[in-house]
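Going in written order, the chains are labelled A, B, C, D and E, and every chain counts its residues from 1.
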Amino acid sequence: MPNSGHIKVPIGPQHPALKEPESFLLTLDGEKIIHMGVRLGYNHRGIEKACEARSYIQCIYLIERVCGICSHSHSTAFVQAVEEVAGLELPRRALYIRTLIGELERIHSHLLWLGVAGHEIGFDTLLMYTWRDREVVMDLLASLTGNRVNYGLNTIGGVRRDVSEEQKQEILKAIDILEERTKYYVTVATEEITLIQRLSGVGVVSHDDAVRLAAVGPTARASSVERDVRRDDPYAAYGELDFKVVTSDHNDVYGRTLVRVGELMESFSLVRQVVKNMPDGPVTIKAPRKIPAGEALSRYEAPRGEDVHYVRGNGSEKPERVKVRAPTLANVQAVAHMLKDRYLADMAIVVAAIDPCFSCTDRLISVAGAGGRDIMTWDQVRAHGIEWYRRSGVDFTELNRTFSTGEAK
Amino acid sequence: MRWPGKMVRQVLFSVVRKPATEQYPFAKAPQCERFRGKLAFYAEKCIGCKLCMRDCPADAIEIVKVGDKQFEAHIDMAKCIYCAQCVDSCPKKALEATQDYELAQLTRERLKLVYHAKPPVVPAADNKPEEVAPKS
Amino acid sequence: MSEEETAQTLLQDQFPFLAGKISIQRARRIWAEVPAESVRQVFDFAVDRLKFNQLCTITGLDEGENLAVIYHLAREIGATLNLHTVVPKANPVLYTVSDRFPAADCYERELVDLLGFKVEGLPPGHRYPLPDNWPAGQFPLRKDWDAAILEGIPDKESDNA
Amino acid sequence: MTAGSVLYSLFYMLIFPGFLFLVVFALAAEYIDRKLHAKLQNRVGPPWFQPLADLIKLAAKEDLIPSNVDPLLFRITPLVALAATVTAFFYLPLWSTTAPFHFTGDLIVVLYLLTIPTVTFFLAGWYSRSVFSMLGAARCIMQLFAYEIPLFLSILAPALLANTWSLSGMAAFYALHPAYAALNVIGLLVAMVSLLGKLEKVPFDIPEAETEIVAGSFTEYSGRLLAIFRLAIGIEMVVGASLIAAVFLPFGLNYGPVAGFALYLAKILAIVCVLALSRTLFARLRIDQMINFCWQVAAPVAFAQLLIDLLVKGVLKS
Amino acid sequence: MKLVEKIVTWARIKSPWILHFNTGACNACDIEIIAALTPRYDLERFGVQLKGTPRHADVLVCSGPVTRQIKDRLLRIYEQMAEPKFVVAVGTCACSGGVFKGCYNVTSGIDSVLPVSAYIPGCPASPNAIIDGVVKLLTSLEAKEEVAAVKPQISGELGPQET
């Protein structure tokens, strides 16, 4: 492609690289990206408003579906806030079970990410193998909670399902398999040269930029920003467990990969600890239907970063206000920064590298692009194409008719 | 010099290994017993407290009074999110989440499920509602 | 003296009008009622001196005749400081903090669109988060708002936000 | 030229080993490729009739032609691609030392015939007038410049050694002195890599990188035209493999047709398997990485091959 | 002629290429759809291939309640697909809006925008359920008149077949 004249490429809302309807408008100079506008909001459903019209119990299931991949994170963050407002003291066993599911969810999410990352750089074999092994943890979650995704485990005042002894054995067995497999992926990720070539040096965010742009989760930790709510603001059972915050100083996609793989290993040890010291006792306490007036802020370290939930009750069955801040919103600020002067080929992996979960992000918001027209209709794309030809000397104006697909020739 | 193709051993091994693929739908693996599938309703147990309707996040279930102490359930499987909150809420265990997940249908109407109340004379021998052929 | 109490006393020494307005809900949760006119000073003090250098989010509330906003500030390790301030619904004016935290930009635009705040000093940009064909003067998160207003509006994706 | 010979050539072109045979062969090759790919990924993979079903289904679908493209060009490019690949096949000695049609210098013709499909991909994408197609087209051409040189160099070497520009002549030469074929191992490797690039398979599937530019040149194509393109690509795979087999693996060409045919199939099968393996093992390169690789690694290596053969030739002369 | 039609139908049933479009779902259904393509479930057994462009696809697999923002785009993508084309609604939200019913920015289900040929309920629909749905759709194409292929439910009475 001649480097004369910039071309605008709309990526999404429907695009193979994005499993979710989001739209990035890349301004290309040849293969180089010189500007990127992002538009979210295709997933904007208006959940926060809907919560105010639903009872707390119904809200749990609605909030859980803010995002399907980190469903447990959102529902836990929500019920934590509600329980704090209601002043409920939870049985420790319930807290441990929440932690257990949370860590299993992290495992499934990170394995999923590894596969998607492989897919984005055309390494489908990695996708196939990681997702094959991910089924182990999916089965585990299914047998523990009753569903592969959207577990519906949390309820106000505890958890709905207990963990039996033989299930504990299952868990330990599965964790052993997964750990061994993960070790293998570590070697692949650190030695497969075509992989490293595509990952290292891509999507760089320096430590200072990461702090300034308020990145969270693995994205921040890969720029050696030590942020992990599990340690900074312990919830559930994390106060009583020991784990270390995995960071990396690569600052790039490769670093994010290493961080996630490292966190997988941490999660395995955490799960083992939880299973080992899980206290006995009830898993739930009676919770009132009416939650007293009051407010609470709840933070939760989701696989993608920090979830922030704010709940205010007004003594009725329905919340007065529910506010959700999903990790991707904090991170999406960084993406445009990462993509500057990168190749089009890197776009997919860079966007994937923050492990975007736009459906969380969009539960209420939609980021307008940083300047410029955001997403182009096909007509606009064509207009661009033709304009761009004229600049390179060819005139196709007479062909610039509106785009109609229906006709069969 | 590092050579590409680190996964080669693993990959070649899978040629001789049996694929990880399940044979579904030709051979059906059993679901885990906690699985939350299609809802079953036992009319003879229902007391019409309608707690299920009250707690359902997607108002997918409706309990209709058809006679004195007789209730029937109208469940819209297209609305149900299979969270089984109603099962937990029901004080009389009149609802149960079955293992049945093969719910796909070609029309929306086919997803509406109606459990008729039994006439009280029939003893509640088995907990299955009567089998009724789909009316066409 | 615990971390929270230290922060509390420091804040009260700096700003006498905060006396009795600061409550420690539980470990790592500090709530403060700040009058609208001085919220920015308190905010800067908390960020610069007390090292609450992470803005979790900004929550907007509809409290009947008033609108309220809560700045959730967090430390790298430990406590969270929540600055709650109230502005009259008739003239809900705030001052931006996006110069301190770039991420605050979209949080504040959210307040503007969903609750009808007027945020001064906000850098020019597209309306956000609602689509362009959203009717003017409609703020979905206000209590008196009714979704029925949307019936007439064509469902189109806004091509140029 | 008698009627008999005309009929013979017609049969040769259309039935065996001409178009029909090629189609069947290409479908079979695609099936082997996909099935092995799946097996390598520990999956079951498609049933044996899958490529055929895909082909028929596409042929039975409606063609959508964007109203702002040149319909003629849009329709004709797939046919050109198909024709070029099929024609190239006739100059390849398959199971005997002589190809059905041959003249001195047919090597060059074959190489250029094999370039035509790529050019048609470029045209197809460029005139589809959608951003992704145009990007795909641009990448097609870039990649063409990257892999053609190593491919030509690597095939030039054996030709020099055999001292002929005719594939049949080369086949005859290596049939006489099989030992010399062993000299061209390096060339074989380079040629395989270039073939990957030509067939746009991972790690060189940059022009149709799904996660970046949807489907590259073919983004706007549908129905019958897409079917023809897919067929052309499938045949290109077979022809490319046959070329490599003819140039670098000229064994068992004079054991008579049956054994020769069996051996030929075996060679193609082996090459297809290697392609499938490589597409399983590697991640996609970026266009710049690909070009650097071809120019800084592949081309010099091919050149080394050339020198080796020249030296050997000098030794032979003296 | 009859034979040709037979062959074509056979080919259509044996190679359904799908285009996955998230119309505002929570990702759960989406990851399950991808999971259905990975080794354990491997939809390619049925000739299913995931395609990137509407041009190549035969089946549009939608997940999620249709948000106001996406509605346009959904229609446009459907228009770009070549006949014959089918729409499959995966997941409860896609079937009816499900738990998001009443949120101010969602409409109710895919069938409020497009004609849907198969509904796969479930939240999310598990890969097996998705395979089941795909198979039911394909078999229905085989046995031209649609509902014949669907087995009656095990217990309870279903609604009318056609209205």
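One rule holds for everything that comes next: a contact is a pair of C-beta atoms (placed from the backbone, for glycine too) under 8 Å apart; a residue touches a chain by one contact, two chains touch by 3 or more.
Owing to the predicted nature of the structure, the values given are computational and were not obtained by experimental measurement.
S.K.: Touching both chain B and chain D, which chains are there?
M.R.: Expected: A, E.
S.K.: Select, from A-B and B-E, the pair of chains that is joined by more C-beta pairs in contact.
M.R.: When B-E is set beside A-B, the one with more contacts is B-E.
S.K.: Using CA atom means as chain centres, which chain is nearest the centre of all the protein shown?
M.R.: A
S.K.: On a CA-centroid basis, which chain has its centre farthest from chain C's?
M.R.: D
S.K.: Among the chains here, which has the CA centroid at the largest distance from chain B's centroid?
M.R.: Of all the other chains, the one whose centre lies farthest from chain B is D.
S.K.: In angstrom, rounded to a whole number, how far apart do the mean CA points of chain B and chain C lie?
M.R.: Here chain B and chain C have centroids separated by 44 Å.
S.K.: Using mean C-alpha positions as chain centres, tell me how far chain A is from chain C in Å, no decimals.
M.R.: Chain centres of chain A and chain C, defined by C-alpha means, are spaced 24 Å apart.
S.K.: By residue number and range, which residues of chain A touch two or more other chains?
M.R.: Residues 13, 15-16, 41-42, 44, 46, 49, 61-62, 65, 125-126, 128-129, 132, 147, 150, 192, 194, 366, 378, 405, 408 of chain A touch two or more partner chains.
S.K.: Scan chain D for residues touching two or more other chains and write them down.
M.R.: Within chain D, residues 38, 40-45, 62-64, 132, 210, 214, 280-282 contact more than one other chain.
S.K.: For chain C, give me the residues that contact two or more of the other chains.
M.R.: 131, 140, 147, 157
S.K.: Identify every two-chain combination in which the chains touch.
M.R.: A-B, A-C, A-D, A-E, B-D, B-E, C-E, D-E
S.K.: In the complex, go through chain E and note every residue touching chain B.
M.R.: 39-42, 45, 92, 95-99, 101, 109, 111, 116-123, 126, 128-129, 131-133, 135-137, 140, 146-147, 149-150, 152-163
S.K.: List the residues on chain B that touch chain A in their complex, please.
M.R.: 2-7, 10-11, 20, 32, 34-36, 54-58, 81-85, 88, 97
S.K.: Considering the complex alone, what residue numbers of chain E touch chain A?
M.R.: Result: residues 19-32, 34-35, 38-40, 50, 52, 54, 64-65, 67, 69-70, 73, 76-77, 79-80, 82-83, 99-100, 102-106, 123-124, 126 of chain E touch chain A.
S.K.: Within the complex, which stretch of chain E touches chain D?
M.R.: On the chain E side, the touching residues are 7-8, 10-12, 14-15, 38-39, 42, 44-45, 47, 51-53, 55-56, 58, 80, 82-84.
S.K.: Can you name the residues of chain D that touch chain A in the complex?
M.R.: So the residues of chain D touching chain A come out as 40-43, 62-71, 129-132, 134-135, 138, 202-203, 205-206, 209-214, 280-289.
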